[in-house]
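As written, the chains take the letters A, B, C, D, E, F, G, H, I, J, K and L, and residue 1 is the first residue of each chain.
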Amino acid sequence: MKILFLNGPNLNLLGKRQPEIYGSLTLSEIEDKVRARSAQLAVEIDFHQSNSEGELVDLIHHAKGSFDVIVLNAAAYTHTSIALRDAIAAVGIPTIEIHLSNIHAREEFRHQSMIAGVCRGQIAGFGAQSYLLGLEAAVNING
Amino acid sequence: MKILFLNGPNLNLLGKRQPEIYGSLTLSEIEDKVRARSAQLAVEIDFHQSNSEGELVDLIHHAKGSFDVIVLNAAAYTHTSIALRDAIAAVGIPTIEIHLSNIHAREEFRHQSMIAGVCRGQIAGFGAQSYLLGLEAAVNING
Amino acid sequence: MKILFLNGPNLNLLGKRQPEIYGSLTLSEIEDKVRARSAQLAVEIDFHQSNSEGELVDLIHHAKGSFDVIVLNAAAYTHTSIALRDAIAAVGIPTIEIHLSNIHAREEFRHQSMIAGVCRGQIAGFGAQSYLLGLEAAVNING
Amino acid sequence: MKILFLNGPNLNLLGKRQPEIYGSLTLSEIEDKVRARSAQLAVEIDFHQSNSEGELVDLIHHAKGSFDVIVLNAAAYTHTSIALRDAIAAVGIPTIEIHLSNIHAREEFRHQSMIAGVCRGQIAGFGAQSYLLGLEAAVNING
Amino acid sequence: MKILFLNGPNLNLLGKRQPEIYGSLTLSEIEDKVRARSAQLAVEIDFHQSNSEGELVDLIHHAKGSFDVIVLNAAAYTHTSIALRDAIAAVGIPTIEIHLSNIHAREEFRHQSMIAGVCRGQIAGFGAQSYLLGLEAAVNING
Amino acid sequence: MKILFLNGPNLNLLGKRQPEIYGSLTLSEIEDKVRARSAQLAVEIDFHQSNSEGELVDLIHHAKGSFDVIVLNAAAYTHTSIALRDAIAAVGIPTIEIHLSNIHAREEFRHQSMIAGVCRGQIAGFGAQSYLLGLEAAVNING
Amino acid sequence: MKILFLNGPNLNLLGKRQPEIYGSLTLSEIEDKVRARSAQLAVEIDFHQSNSEGELVDLIHHAKGSFDVIVLNAAAYTHTSIALRDAIAAVGIPTIEIHLSNIHAREEFRHQSMIAGVCRGQIAGFGAQSYLLGLEAAVNING
Amino acid sequence: MKILFLNGPNLNLLGKRQPEIYGSLTLSEIEDKVRARSAQLAVEIDFHQSNSEGELVDLIHHAKGSFDVIVLNAAAYTHTSIALRDAIAAVGIPTIEIHLSNIHAREEFRHQSMIAGVCRGQIAGFGAQSYLLGLEAAVNING
Amino acid sequence: MKILFLNGPNLNLLGKRQPEIYGSLTLSEIEDKVRARSAQLAVEIDFHQSNSEGELVDLIHHAKGSFDVIVLNAAAYTHTSIALRDAIAAVGIPTIEIHLSNIHAREEFRHQSMIAGVCRGQIAGFGAQSYLLGLEAAVNING
Amino acid sequence: MKILFLNGPNLNLLGKRQPEIYGSLTLSEIEDKVRARSAQLAVEIDFHQSNSEGELVDLIHHAKGSFDVIVLNAAAYTHTSIALRDAIAAVGIPTIEIHLSNIHAREEFRHQSMIAGVCRGQIAGFGAQSYLLGLEAAVNING
Amino acid sequence: MKILFLNGPNLNLLGKRQPEIYGSLTLSEIEDKVRARSAQLAVEIDFHQSNSEGELVDLIHHAKGSFDVIVLNAAAYTHTSIALRDAIAAVGIPTIEIHLSNIHAREEFRHQSMIAGVCRGQIAGFGAQSYLLGLEAAVNING
Amino acid sequence: MKILFLNGPNLNLLGKRQPEIYGSLTLSEIEDKVRARSAQLAVEIDFHQSNSEGELVDLIHHAKGSFDVIVLNAAAYTHTSIALRDAIAAVGIPTIEIHLSNIHAREEFRHQSMIAGVCRGQIAGFGAQSYLLGLEAAVNING
């Protein structure tokens, strides 16, 4: 099983600013945790970040044929991007939506997810732990 | 660590109807899975279901002093109950919101959660697996 | 054929207050009329009332396996209860929504029915006669 | 007692198309059923259909002095016609709103009835049976 | 004169949590204050709390014939319960709506009261003092 | 100067029903008053009524080249007819919108006029007098 | 008969700016026309303008006992002032709402009138002629 | 292949008024262009216009069995007519929605099409050319 | 302790009109009652009324340094005045919002209070009694 | 060049309360800064404050003929006053809207400006500096 | 004449997934068809696709001076991109909006086009044929 | 002090198109003016433009540690980009929002700024002058 972890805009700054919302780990530290746990689970993962909506669409396209599940933290694009939604629907790879913060407990404009409609499920609010839960969910996606 | 799993209205019928939405396991079979996994994790759990909003409020109240985390599948009351929201805020026990189905991919009226604002995080759409992910999240709630 | 008549909150006060909206018959007098007519039609009926949303959900659950049709006057819960909606969908018994008053001609908040989406049809505005029409509709539900 | 059955736009095509929504009887077959039942009940009926909003307004006007009750399936005009609403209010004949399908379980724009506010009651979702229930309600309109 | 004080969901936890919103007195201490003052005013009171919407409806029904005024802190149900509204309208006892906190200065969803339309008046924001003001208002309800 | 008075649906029933809203004069008596006053003012008038939106569109079309001003009581179509709006814009004849009742003081759905945007002005709420004021306004339309 | 013409904010600038919207007559020239016509009709008038909402409320109060009808061009306050609405309701003098421009054909925020609900009727869009039509309507206010 | 071109309200005035919006060709000149092109394409066409919603419904009904495609410029009724929508759904003939002007670039109320939901596609904004594109689309409807 | 009673627009007409809404006491009679009760409570009061929003803002400003609590019946300005809200926030004197009628049971536009967000609490619906309850609340404002 | 600085409600209290929102300078200290800078720029200024909407309208009217630019901090009236909007449009003097706080980052009801539509531009969020930037913008209004 | 065909996000995946919505041709096969037809029409075309909003903006900018018409299938960006709208308005090249599917018959969020307001017209719902109709429309853009 | 001027989509076309909205200076000419003025003020500036949302996010990230203030004209992305909002919040550099045109006086969809909530202030409507005012505001950001 191969799982693609895809990270949207501003997640490259994780751990450095607003730790009260997003936690104090850097994205690279989170990647390490995910890699460690995926090794235990004997699944292969890839881990990318991009600030560009178009690039994220490209990365989803390229996942086709190479990955079995996508774990997607679309960050700000979660709430506005129909392009990401269409990309997920187009490649047809089971996709799990994750968020560091509990988006439903924050500003009104973060309550709506444009991609939820084409994702298997959503995990939000557990900080770095959201990634590990997403990994767990991905591994069990067919059971 | 003691974790209370609380289940809202109609979840007692799980596994018998609409398996395409809610899966084919009964609530009791899900409880078994949760108990098995919590044994591995060496945490104690309790597991209740009620169709009554008031009873669910009572159960949350009684959790105070006895449980460290609540994993709550409030089902239909998720979208309408301010009473549950206030109960969670009142007892101050960290609470994790879970759903069998991906509520954000269903009817518009299921997109809004009245309790999300006072929960740590939300896990939705992974069927019975949502409970195990909820357990995992509960165990790591302080880390 | 067995038909369950289920009555929601405040209907136990029928005939005593606000007869200009709800008519002057008590719920028990309406039950008598329904029983008389069902005897003529050679169908068995049961007749319950509860002020509790959870109890109404329970009653719908218990109907499974025992009743062929539910005739439901959910009263105030009509407009707010997703739990009742889910209960009806879960048991899969054909359900007929009835109302004493014409809810569409009253306050705006009574125009919306949360349960209509899972009911076969709706009869509203004919006072006690709504129950007899509901019985008639129930008897002919499959033809 | 004389009862006018009035049918709005597209009902002349009944039974030929979209039977999954509207049933497989033609309007003329429904009329036969209504006539048979009204003969049993010893009431006189008239039965008309028009695709024109203005003509339906005219037919309501002409009912004045000749009919005791109107049973109205305004079809598409239900949701948009203030002219029909004003006509019903103007002639002052008790009017019963009927629908073949359960309009409250269909598209959002079919949930609102512009005429409900001036009708005695509404019967929706029972196919051809809605007409017989409407007849029954009409006969008992004053009791 | 007999006055019923009715308290809705979560008010049994008063004084223990969120004192910055609801004050530091327990419900029982508030009851003592109300009893003391009602003794001075020579009126009889009863004082109940329930977390169940249906039970609150029952309590309002039972008030009929026994109480002259209801002072109701419906708490969370204030904003969602049409059943309580209908119960108040059904029993016809003058009812005074009270709130510990100033609901109009809190979250948007607490600004709307479903019961205000059938209550004589509303007192909100004075903590335990809201109960004494409600008592005062009750005693003077007819003057 | 030639002025066309055009009357929409249900106005043929004027004076017979709901006089508390629309006054006690028949449309024909209003026409007499308008004719009497227009004779004094030495202007020619025509006076029509139709219950059909399409016919009203036709009448507006035919006015082109024959009439200098239209005084239009579109009644129920005021609030829903884009066709009438387009007809008025298409013929380019100055049009005055009149109403017997004060539509802005009635139901919410009567507050919006679809034709106001292409009319010179609006006169509403003066009963039969609205027609005479409309005539006065028409005669002075150019200054 | 005594009629009070009351003019709201910015009407003192009439004739000097934006004549394409409001016409080229000054308020004083309009007053002259109104006085000339009221002399013919043998009615007494008074004519005031104020830019202050509170002063307009005062002027309406003072009208009580002295005037039979108020003709009110509330200008900008039309759309925002509940105080003017309450003042009109409080004094109980029949009031006619007038506007120079056709407010229903302008910006969305000018379509709503806060005072229409307590006025007899509305005349809008005829420039200075709106005042003369308002006078005509006032003189005939009682039949 | 037989194609029905159906034209809604006010299109009979084309070419005479508002050419800046609708172009300078009359409907008859457009018909000539359509006939010329359809001759080249060896398809038969019919071409009708009506200002009446009911008549347009009738014409759609009559198309059944005689026409393979409908090209419909419903004009003003596009935005308000559920009756036309239902007629198209009822006859089941593939229907192409056309507009002379770009309705999405005009007033807000022209952005919504009530019939789009049951049409194959929409062509808007190309003036008379919209008809030729509609013809082209009709001829290729199955390929 | 010094308490300022401040009254908004139209309250000077109290007792003379619409007693079914506002009661039959004049503002001066209410003032007498308040003065009598405040004498018993040994607090000093001042009592003002103004129809002008700006003047009310001025009065609130002047209260600074002289008064300990403001009891404010802002009447119509309650629903529209951000200026009053800002004034209350600016002077920082604890303010109690009162209303004669139960604003939450009246027209929709009276349900919203622009000033509630900066007031301690709200008392509405008890007629003149609202003032005495406001006085009581003011005296106990600090505990 | 002559520039009028106009200040709306509550700005007379500047510097004394809520300095975290509005800064710690008094309005008079801000005026001094503006006067100092305008002296450097060799432009004449006038500086007024009023809590009354009507008075602000008057001040705008009086500016006509005397001032080349208005710099307007309408404070609370920004969000509600159509009268100010109409006054600015009526006098035709280029107007610059300024705010001490960043109104777009505060409560929802402060995001909308009723006057922006007739102003040249808006400067918000820079405290006393907003006045100096407004002066700068005014001086360069034509270049 | 030179025409630029510009394709937005996910259109590179055409023909491979969701053919029930978007058809079974690849974008390259569609390009071939467009090239074939444009050769017949003796017009030059260019054909690009990008998943990046910014790149699409760039491509529109570069079209200036090189192309006479743009045929734009903005896909998901249609509904969200003000940047594309501004780009089209900025370069001033006549632009035709096309869509493979009938966006008005799909999810609510696809009904709104942010670019329609600056496009000549819209063609939607004809699959690959939409491109050929767009070409046809482009060639006749000035006639 | 180092200030970053960041320019969003389509601003590279400034001066060439729609000068009535955006002025006739090119972006490069504006940059020259800003550089000239910043030299006088002895502050260092950088000046960038990009049509890509992701690139703008990158540029904001890179500003961290190098710049003291950002002056941001996000153009179209102002109204839709949560990614830019999050980037500004993440880097924590004081940011000033500027616009050439008065966005609050244009189309409704330009009235909302998604970034205002995390910016210090906003300057809009002064053309190229907005940049110089932004520079002025930046230099004084801490005073």
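Methods note: contacts are C-beta pairs under 8 Å (C-beta built on N, C-alpha and C of every residue); 3 or more make two chains touch, one makes a residue touch a chain.
Quick caveat, the model's predicted, so the values are computed rather than measured.
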item: Shared chain contacts [chain A and chain J, defined touch]; value: L
item: Intersection of the contact lists for chain F and chain J; value: G
item: Copies chain A and chain L touch via same or different residues, half shared test; value: different
item: Chain pair among K-L, C-D or A-B whose interface repeats that of A-L, sharing over half of the contact pairs by residue number; value: K-L
item: Chain A and chain C: spacing of chain centres that average the CA atoms, whole Å; value: 46
item: Whole-Å gap separating chain C and chain K, where each centre is the average of the chain's CA atoms; value: 54
item: Inter-centroid spacing, chain L versus chain J (mean Cα positions, whole Å); value: 23
item: Gap in Å, rounded to a whole number, between the CA centres of chain I and chain H; value: 62
item: Chain H: positions in contact with at least two other chains; value: 52-55, 80
item: Which chain pairs touch, all of them; value: A-B, A-K, A-L, B-C, B-E, C-D, C-E, D-F, D-H, E-I, F-G, F-H, G-I, G-J, H-K, I-J, J-L, K-L
item: Residues on chain A engaged by chain L in the complex (per definition of touch); value: 8-10, 12-13, 16-18, 50-55, 75-77, 79-80, 109-110
item: Touch list for chain E against partner chain C, complex; value: 52-55, 57-58, 61, 80-83, 85-87, 89-92, 114
item: Complex contact set, residues of chain C against chain D; value: 102, 104-105, 111-113, 116-126, 129-130, 132-133, 136-137, 140, 143
